[in-house]
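My questions will all concern the structure given below.
Order of writing sets the chain letters: A, B, C and D. Residues in each chain are counted from 1.
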């Protein structure tokens, strides 16, 4: 009889009709690193929320240390030594780092009063554990995404937890931080703490996981030891499909640049950026977080207009001081934060798809219902967005499909240049592969595509050249055919 | 017996288009109802209904608001009451509604609405001019007929208050040469709110040290101002008057913070309106001097040049001595 | 088609039910005093003034904003128009009928300016709409007072009030104006891209910017629409009371918000049906008029009933949305 | 530039303070009466009731909600208490009225709390609804009318002086009522609750990110519920205090204050979406509003221009602070980036 920290047996969970979990089972041994994988929307986060008492399960058994528990609240779970780092971090942007770190333990100790000295001590211990450097008194909202996540991680580590659940902890992290995190995870393991690790990134899984469990659309597909697993099997379990990750070879590259950027600068963010993209080309822009890559993207889309330098579209100098200007000059932009920037979560999938081109779907100034619906159907099928009904809210879809909506929105505007900031962040290999092939198709159709990403395999696989940013400046422009990831990393850091 | 007989003959009368006074539905519409003033009026109305067995009642809006009052009256018209006795919040806005009422054959009696055209009659306890002058006389007396004064109204948008204040100022110019109106602040607002009156008075007295009198109009003014006078330690140095109900101001009067207040008894005004409405409904001819058999309204005269405005002599002065003698 | 989609909305359906219940209640208790042509003509002449203001508040609330300046705008418009009429026809004189459309254009102009001001301040300084419109409301009322010294203006040609107060085939002109505006607005909200866009802005302003919507421009447009609705409301008040004054209808500010939320518009934005708001408007009026039919019931109970109805409807919504969960909890 | 100064300049309180100071100079200049002991005292006593209301509104805004029902709540409670004590010919001291106020505050507040907390209904709608229910109950069921006479104990409390300021020149005296201590007390308690209790931190947490608060283990529903109860108590007590200070109970003249109070709180830098705001800012914002409303004559604003002036001030005031905060945010972003770049 094995010694399990947690057994979740035949768990069921429905969301207004949607069957998110269909009798799935997950068993985690004491002190193991267990990887939970599966495509977007297969139910990983949902199961985690059930385990941690945020959702009440509709069926099945949850056992902590062999003790079965019926109704459970988050605080109970924490008391039982379950710590979760949620996908959305679930932190408080309006509070200080210090408080974010301490708040859980304060609650667990069921304190009614706050002793700020104590809070500071807890916080210091927390960051000391993994030598994370941060101003404890800073407002969390002003931290970079990565730092935010580090805070969430530190917060979880503080408890003498038996099981730490990390829902896609590495999505927002750059290589450097991932390394640090893995070191921590290993230490925790050494202390006999079990880790449940959700990730879409194969390499990570193989690097640290002892055992794995894979879901597909709410069902358990496979579970076992990582040794007995390889890339092909893994992705097959997840998607039920086979695919080749062939490197993309542009077929019809235009002679002239479609977009060219000359000495572009934005005070305090980036300086003298130069690069050019031809039609049919996919180029990558990479760099650490806060290397200015996001601001550059925002400038190109007119959301943070550059302060000097020029942008040429098809050779003509173009002023891009607003998203409208960008769209009119044929630029589309898939933003970094899908949930808050890319989507209107409560609105229907259809509305989300057509909102940017809606002015074209009119007849005598009025919305043309036919055109409207036709357009929606067209994109739903063209990008194979998996939904029973385009009138459902975008929130009911999972990462991959949501990202497709955002793509569709821009493709509908028929841009000449498509800029994607982290196009496959938090997207599973299945959808990731599909999104890549979509981008490649677009390129071959003559579009200039710019992928901003620090997912280097992705860059290597799709981009013919990569612009590396460091501290807001171009640290190098390389041809992906004659370099290795390693070199890029060296330039980045 | 009796009842039966009554029924039959009343039904006969209906048939012949005639109504006996018991069948009249007469509604009194005040400005609002939380103001003790109109609470007092309602007591009068109910007493009168009791005594006479009339179907008369008072119905007010929940806030003092011209549009609400107009809509209430419109509802009453649609409901087909026989007479509407109204104390308008704002004569101008009620005018077109009263027009509708009269076109619908409803008898309209007003009070504090001398400027109204679409009424059968308007009863004034006295003329607005008269009342303004009357308040001024009291203030002047308190101030020893000399010094700087200013006027306070609920809002500059309030009709009758501003008429009283204007009349008061007029009267002062003629009769009290040694009184001077504070030119910098000739009129201030209390928003029908004792607290505002209090704060405004404080400000005035701070900024204008030689200010000696404040002529109040709304029944919230004098008590509020009095509080300020008391607190600033100016009792006996600065004076205020205005409209006020005996019971509410007994203390202030006895403490001498306010020398005297003026009013007319709203209860009687209410009775008078109904009484007049009945005689109009009964088709009696109304001619001066008119006796409505209501205290203070036994010798109504037409305001000269007017065929609708009837003026009585209902004004009362209350002071420390007589304040307890009114029973309200 | 229209009707089905109209009754599909749970919330709207509930309002209809409440109204029917009330209608039945009135039929049983006060039939002869309530179900008269004159009574309905009266009600339908009364609610357009605040009905229009409510429509304005509604469009703002759809964008997750609010407009507390409607009454101020309405009164200032009425005053300005009254002054204009006086200058045309003199204190007592008459005014050719062709001026009336011009007057309405004038009102629309004022509403546009007022709304544009609100929208400009909200978008350029990121001030919460509730504050901007509160301040602007005071400001407009203040301007009204300055224009009139606080007094009412009633000495202007009566022709305007005469025309707007008249009935067309038995239907009050006030209501016809309201209906026209409501229809136009309904078309704008459901059939034009603007309607879709403000719904999206109400859902997420950030996403709207990232989707390339002209958010500021659209918001300004929205507050202009609200301003125009308010101005027209003012024109109807001008007719109904044949006078204008800076403090008419001060209670309409909160009342219009109450109507809008009762009509099923979410203060968080992104949701709202004009049919709901119209129903709520009528419901509020019918309730009040109905209560006024009971001499013994003090009109103070009206606000109690409003509040109760509002909470009642919200709770119904809550249970209908959460019934599954509740069953499970048992 | 010195980082500390930068940090200070990012706070919206500073700008309110500047505006207040500018206004005070204007008043001083126009009337020579601002910086006089009795005037200061007048302003302080004028702050008592709005100040307490503001604290309640502030707490609710912090949690991401909004409460427009407090004037109605206060009126109902104040009227009910005064009336019943009059009927009972109560002649004792202030304690009983205050205790009653707390009890009634708890009851009425828990109505808001139940709907907003446990049923998760939008706060604006709920409080609009309860507001008109409270009002209707007071005026309809309790048949409220102005009470010109109040129980002796309440009157005594309202008039008893904590301090008396005399203006040497004009010889005018102004009284700082003992009631002022109640405001101070409320402020101290609120400060303590917000800073040193998990309940208080919970309010911030919920305002910042509700489901995160839920995940972290806060009892979201209970916290919200208690919050509205707390706000209800503050409002209710404020209502009674006002009656004491005015020495008369007028049922309706508190109604309609809500918007100006909320305006003051938001002016003070409290975010309408919750999570951000300080008690200091809240008080400064309220002070600004109170100052304007009670200095128009001193400034010499002609009475017909009053609303124009107030309107302009609200708009300009908010525009200024909003604009400054916007700029400060921009700078802050730059700062962090410069740090990384350097």
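Please note the rule applied: contacts are C-beta pairs under 8 Å (C-beta built on N, C-alpha and C of every residue); 3 or more make two chains touch, one makes a residue touch a chain.
All of these numbers come straight from a predicted model, not from anything done at the bench.
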Selected interface, B-D versus C-D, where C-beta contact pairs are more numerous: C-D
From chain B, the most remote chain by mean C-alpha position: A
Centre-of-Cα separation between chain B and chain A, whole angstrom: 73
Chain centre separation in whole Å, for chain D relative to chain C (CA means): 30
Gap in Å, rounded to a whole number, between the CA centres of chain D and chain B: 36
Gap in Å, rounded to a whole number, between the CA centres of chain D and chain A: 43
Per-residue overlap in chain C, given as positions that touch at least 2 other chains: 145, 149-150, 298, 300, 302-303
Chain D residues counted as touching two or more neighbouring chains: 135-136, 139, 304, 306
Contacts with 2+ other chains: residues of chain A: none
Touching chain combinations (by label order): A-C, A-D, B-C, B-D, C-D
Partner chain C, residues of chain A touching it in the complex: 16, 56, 58, 303, 323-324, 326-327, 333, 335, 340-347, 351, 355-356, 358-359, 361-362, 365-367, 409
Complex interface listing, chain C residues touching chain A: 187, 191-193, 196-197, 199-200, 203-204, 206-214, 270, 324, 328
In the complex, chain B residues that touch chain C: 27, 33, 57, 59-63, 65-68, 70-72, 74-80, 90-97, 104, 155-157, 159, 162
Chain C to chain D touching residues, read off their complex: 68, 121, 125-128, 130-132, 134-143, 145-146, 149-150, 254, 257-258, 261, 266-268, 298, 300-308, 310-311, 314-315, 318
Residues of chain D that touch chain A when the two form their complex: 195-201, 204-205, 207-209, 211-218, 275-276, 332-334, 336-338, 340-341
